[in-house]
Amino acid sequence: MQTLVGTKKGQIYHLEINRPKQLNAMSGQLFQDFKAAVDIINQTDDVRVVVLTGRGKHFCAGLDLKEAPQMFQFPDELDQARRSIRIYDLIKDWQFAMTSLSRIRVPVIVGIQGYCLGGGIDLITSADIRYCSEDANFSIKEIDIGMAADIGTLQRLGVQNANTSLFRELAYTGRIFNAQEALQLGLVSKVVKSDQLNDEIFKLAETIASKSPVGCYTIKSIVTREQNLDSHLDVMARTNMAMLFTNDMATAITASMTKGKAEFPKL
Amino acid sequence: MQTLVGTKKGQIYHLEINRPKQLNAMSGQLFQDFKAAVDIINQTDDVRVVVLTGRGKHFCAGLDLKEAPQMFQFPDELDQARRSIRIYDLIKDWQFAMTSLSRIRVPVIVGIQGYCLGGGIDLITSADIRYCSEDANFSIKEIDIGMAADIGTLQRLGVQNANTSLFRELAYTGRIFNAQEALQLGLVSKVVKSDQLNDEIFKLAETIASKSPVGCYTIKSIVTREQNLDSHLDVMARTNMAMLFTNDMATAITASMTKGKAEFPKL
Amino acid sequence: MQTLVGTKKGQIYHLEINRPKQLNAMSGQLFQDFKAAVDIINQTDDVRVVVLTGRGKHFCAGLDLKEAPQMFQFPDELDQARRSIRIYDLIKDWQFAMTSLSRIRVPVIVGIQGYCLGGGIDLITSADIRYCSEDANFSIKEIDIGMAADIGTLQRLGVQNANTSLFRELAYTGRIFNAQEALQLGLVSKVVKSDQLNDEIFKLAETIASKSPVGCYTIKSIVTREQNLDSHLDVMARTNMAMLFTNDMATAITASMTKGKAEFPKL
Amino acid sequence: MQTLVGTKKGQIYHLEINRPKQLNAMSGQLFQDFKAAVDIINQTDDVRVVVLTGRGKHFCAGLDLKEAPQMFQFPDELDQARRSIRIYDLIKDWQFAMTSLSRIRVPVIVGIQGYCLGGGIDLITSADIRYCSEDANFSIKEIDIGMAADIGTLQRLGVQNANTSLFRELAYTGRIFNAQEALQLGLVSKVVKSDQLNDEIFKLAETIASKSPVGCYTIKSIVTREQNLDSHLDVMARTNMAMLFTNDMATAITASMTKGKAEFPKL
Amino acid sequence: MQTLVGTKKGQIYHLEINRPKQLNAMSGQLFQDFKAAVDIINQTDDVRVVVLTGRGKHFCAGLDLKEAPQMFQFPDELDQARRSIRIYDLIKDWQFAMTSLSRIRVPVIVGIQGYCLGGGIDLITSADIRYCSEDANFSIKEIDIGMAADIGTLQRLGVQNANTSLFRELAYTGRIFNAQEALQLGLVSKVVKSDQLNDEIFKLAETIASKSPVGCYTIKSIVTREQNLDSHLDVMARTNMAMLFTNDMATAITASMTKGKAEFPKL
Amino acid sequence: MQTLVGTKKGQIYHLEINRPKQLNAMSGQLFQDFKAAVDIINQTDDVRVVVLTGRGKHFCAGLDLKEAPQMFQFPDELDQARRSIRIYDLIKDWQFAMTSLSRIRVPVIVGIQGYCLGGGIDLITSADIRYCSEDANFSIKEIDIGMAADIGTLQRLGVQNANTSLFRELAYTGRIFNAQEALQLGLVSKVVKSDQLNDEIFKLAETIASKSPVGCYTIKSIVTREQNLDSHLDVMARTNMAMLFTNDMATAITASMTKGKAEFPKL
């Protein structure tokens, strides 16, 4: 694991995203590291609970757009269908990585401060418990690069969310929402003063670590049997086999980087 | 379209229910017009978002009860099963009409003021985003005419609602609930001062219109794949093949019109 | 029915848990009585609504742990698989008992005061409408006896809950949560001053009793078709065929009774 | 049990339908007896397998039409919806009775000779293994009394059948089909000479009785988790709440009894 | 209807595909005509059963490849995602057309002679009963134009087929299979001498027409609730949004027309 | 891969089980090798189809019982729940291995000769096409070691099989069935003379290899989306967490090895 740091403290395993200079943006390496982390943690002796945090001022700035262009470089001889198959494999791989937290067999608590954008939300929706600090800011950012959130957010937060109106507004606009709205949305269950976030999540972790491991294992084994989740993720990946091949993405990314206004052609 | 007015303003399509004297109550014509609106909008050049509002002081007073008696007039020679088949076809047709907003391929925003009763709620649950003014008043009114909400409310708002206790209370009692409770229920995502409702929803519409159409299309194509919705609607229609043939309906409607108290026989 | 008292008041059927000295804890008899109550109520003439309350200061303290040891006494000659089959049968029987309120064909309102712990929550999640008094205190207590809530709570409240983070925190920690959090969680829809709880729920019951019985029957027949509930309950029972055979349970119960700290071996 | 005879022979429980004069036609009593048989057998010491046969020349002639008229006698004051609720309860009760064989926790083998009509097919589809004699004759007879097979045949044999064309032909025409077609349809797995049927099924029963009871229990517990069976049965019952109220039924039954030709009005 | 001929004979509606010179190949017009036929038949007075046949020596030669190139002509300015959206709409429209037979509310019998290829199989899988003559020849032909059967065959015949090995062999190879194999596959339920096909299907039609219309309606309303069919069709359409954009299609079609051997690049 | 041999012949990948002295029985190593084979094949350049055969006279004798005892050796300090968790992990791992053939992205053809027992059937049910020689013999053997087939057979062949009676007879009795019955059961699609099996499957492989890779990929991507397969496999694994802890297994295995008669205690 190059981008994650793991430390065992008593029966608590502390996992940290460690790309503070890049605001913990998600690189291809980070996806691989999350998959690796599952095996490491499940095989570490006597872990009872996992705490996930991000080093630096921000939890996670979403996908590392610097790596995006490579995703779309294909040998010239590939026709569209063959390119789409490669994109499908990539999405499935990333979806699997973003489901890592639910494959860890003990409860996973996340503490969020600063920005939690795009892929950052995909990631935390697969955790068990989410607390954030007062200054946290969230965005289902994918629309701003011309796509839909395809590695977990729409499939978890969207499917089970009671306020579909609020959820869809956030997905369609990509606007920033703060800690209180995250609470209303059910994305976090507690908003904590910034300097107390660490204390609160570790205190919670200790409480859970003191409970019966068999009881906790059983609860997790039941609550992570989400309704048709695999099917929802697969349908998303199939849809994006075609939808990611749009000039809107380049247009949107350029506008975002130059702070200009994007002009998109009609459908 | 006789009961709906459509206007294209830039890339925003404004759809208005236009029966203000009848408090925008739903007539058979209105159902047909909603179905027609889907095709019109999907074929209009370069629509990016739809805004739905109701003309006059109220958004929608629900089914137009004046038309109800005709629904239950059958040729004498039809036995009960044959009458039920006709009612089934009618319910399916109305359910299809009330799903119109989700078949429009761009996001649909609804702004609600005044009363939004019965069928009005069925209608808006198939929109993407719902804002209301402070003075809005809602009621899952169907119980007051002796029936269950069979064209969307129970099947959408009921299935995904996290506070089943609140939802069922509203469905069993038909009581009026205000904007704040609608927010708590997840029926709307924002309550706005009455004189600002129009501004707010058009501002939101403009934001969405500025986003990638491919991105928005993809989000909508995923979020409208609601869990087993067709099956839920169909089971409801089959149940009401029998349940609508009750004297309770006449009793309830009469009491409602005469402001008297209804006396229903036991089951 | 030895542990339940039923009284018909007009068209309202008042069902009371009547083990106040045991804080209305659930004994084997209570499970059987709930199953019996369904038939009694469904066959009582002209019942339009049911109100369920608990006598004494507390609504229900959860499973009566005094009876737990007997559950795990088996003839010596039974191997593990054969013991697990007996436990499976027991869990299925209890699950069926805890689903009683949804089999009553009229709406069921519950009023909760004081403690509502463990099995008490399983029970009320199968009711239609839940009000509590300001002093109510809840706990998904099962983790504190080393197990998962296997007779309804995880399968109803967990599956449909929009704030999965809050729900899981409560399930993993077993901590007490108060009336306001119960409201946020969607477990109750109204918090009432303690001395008004009775008035409120009976007033609500009267409202519902005045509505069309056919309408109410239809609503209940639709809203209780919960998504794959039977399958979720069955998977839980199969999982606990093995998981209940853990020393953690004895360790946890002993610690709980002696107010000591439980030490559990690792997985 | 008045209409069923049960005998334990070693570890084999032999259950016989005992209304030979009525060609083992299904009376209301027979439905109740099948429900009772489940508890009796599951509680009988050391039963390893069940064999079900019919006394006399025929396995089962289907519903006892003599009892049908009573089903449709209602107090005059009941409106249609209230009558439909009673019919729904009746269908659900009969469906539950016809699922009895799958609730017996050991494998159930059926041997069929002579006629197996209508409800007889509903019944045997819930068994594990079905053999018939060469002279067996089957019919999905319900269409000949103006209705659809609503207590198991359409929901089990129809859902899993690979030759939908053959299945639907049999359901729409109600024509007699013989042992070979039953084999092709997958309704039976072996056709046996008439005088060997008894020997064959008891030989098979002995083989199964000699196997591990835990192994057999586990297989049955898995293979009887049929895909959405409860939901299919429920939708059927809701549909027939209305569809059984047709004059076609009287017309068809009269024609059938008088060997006349039925004339039905159009839909 | 330009490509279909409809004739009412007593209570039987005879629908004929009428493009004998094109071997009844499916043109865009034919798809539209099937959709129209549903409304015409459902509104024709007193139709009790439908018989579908193809005029000429062959039942249906599959998609009319002459029209295929137009499908893939798009305005130059459309990027890949926008082209895929158009293809998705086209597939959904054709899927809807190919589901027409199941939307007709009375039973539909198909008689097949000569070739029944590609789209011809998609079509008949949505009928109720299928008979063929001894000389009938079938092929799941789509693989020979470089694609998967996306308008019904994989989704109906594939999902419910008991011999997955046979089904997949036929789908992967596109080889011709004869009447006996069609019977084994469950695609037809009866093989008839060529000169008797017409007699047999009309005799069957008369039998069904003599049955209770309410009974037949109820059976059809239940057996056409196929497990997740809409979802399967939708997933197929989403997959082919990308997969139809392959040079393999042109390569395969050219090879097929020139009787040459196709050389496809690797994935 | 120690127990599998892979050879690329043109565009056909030939995979052989290579434990002929052990009749190709499945060892723990074999499970790991199947998982490895998926990656190897999917990454080998230009594979269009896979052929799987077993070296020696028999295709596969099922689980290698010599390894079974180790599975059930646990550290003494583990209580039953903790042992069950380990068994659950093992079953899931084996299920995943037995699903390997469906994860290979090109069609997989299996040729079966001699014995194909127990786990051998689990394995081939995840292939696309299955041919066998005339002398092939099959058995769903698991019942003879006191358990249910938990790594694919019940979940694939059982769920989709039209002749449930035949399938269950084979599962409950474990009796040998020959090539013709395998054909009737839908387990194979063709029975071939023994000396022609190899020719036939490679001829079939060549045909498939000549087809469009995009077409074949799309078909496989659709037909392997089996209805709730993951859920069925998971429920099986949870059930066997308890059921594998039975003395029946030792009793059955001993009897099987000593050719004695097993005596099992009652449930």
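Annotations for the structure displayed:
Here the chain labels run A, B, C, D, E and F in written order, and each chain numbers its own residues starting at 1.
Rule of thumb we're sticking to: contacts are C-beta pairs under 8 Å (C-beta built on N, C-alpha and C of every residue); 3 or more make two chains touch, one makes a residue touch a chain.
Going by UniProt, the chains are A, B, C, D, E, F = Enoyl-CoA hydratase.
Computed from a predicted structure; not experimentally measured.
The set of chains in contact with chain E (Enoyl-CoA hydratase) as well as chain F (Enoyl-CoA hydratase) comprises A, D.
Chains that touch both chain B (Enoyl-CoA hydratase) and chain F (Enoyl-CoA hydratase) are the following: A, C, D, E. The two sequence copies chain D (Enoyl-CoA hydratase) and chain E (Enoyl-CoA hydratase) touch through a face in which the numbers common to both fall below half of the numbers used overall. Chain centres here are Cα averages; for chain C (Enoyl-CoA hydratase) and chain F (Enoyl-CoA hydratase) they lie 43 Å apart. One finds 35 Å separating the Cα centroids of chain B (Enoyl-CoA hydratase) and chain C (Enoyl-CoA hydratase).
With each centre defined as the average position of its C-alpha atoms, the distance from chain C (Enoyl-CoA hydratase) to chain E (Enoyl-CoA hydratase) rounds to 52 Å. Annotation for chain F (Enoyl-CoA hydratase): residues touching 2 or more other chains are 81-82, 85, 160-163, 186, 214, 217, 225, 227, 234-235, 239, 243, 246, 248, 265, 267. In terms of inter-chain touching, the protein chains here follow a pattern that is not a line, ring, star or complete graph. Chains that are in contact with each other form these pairs: A-B, A-C, A-E, A-F, B-C, B-D, B-E, C-D, C-F, D-E, D-F, E-F.
Chain B (Enoyl-CoA hydratase) meets chain A (Enoyl-CoA hydratase) in the complex at residues 45-46, 48, 105, 107, 127-131, 160-163, 186-190, 204, 207-208, 210-219, 221-223, 225, 227. Residues of chain D (Enoyl-CoA hydratase) that touch chain B (Enoyl-CoA hydratase) in their complex: 77, 79-82, 84-85, 88, 234-235, 238-239, 241-248, 265, 267. On chain F (Enoyl-CoA hydratase), the positions that touch chain D (Enoyl-CoA hydratase) within their shared complex are 142-149, 154-155, 158-169, 171-175, 186, 227-228, 232, 235-236, 239-240, 243, 246, 248-249, 251-252, 261-262, 264-267.
Residues 81-82, 85, 214, 217, 225, 230-231, 234 of chain A (Enoyl-CoA hydratase) are the ones that touch chain F (Enoyl-CoA hydratase) when the two sit in their complex.
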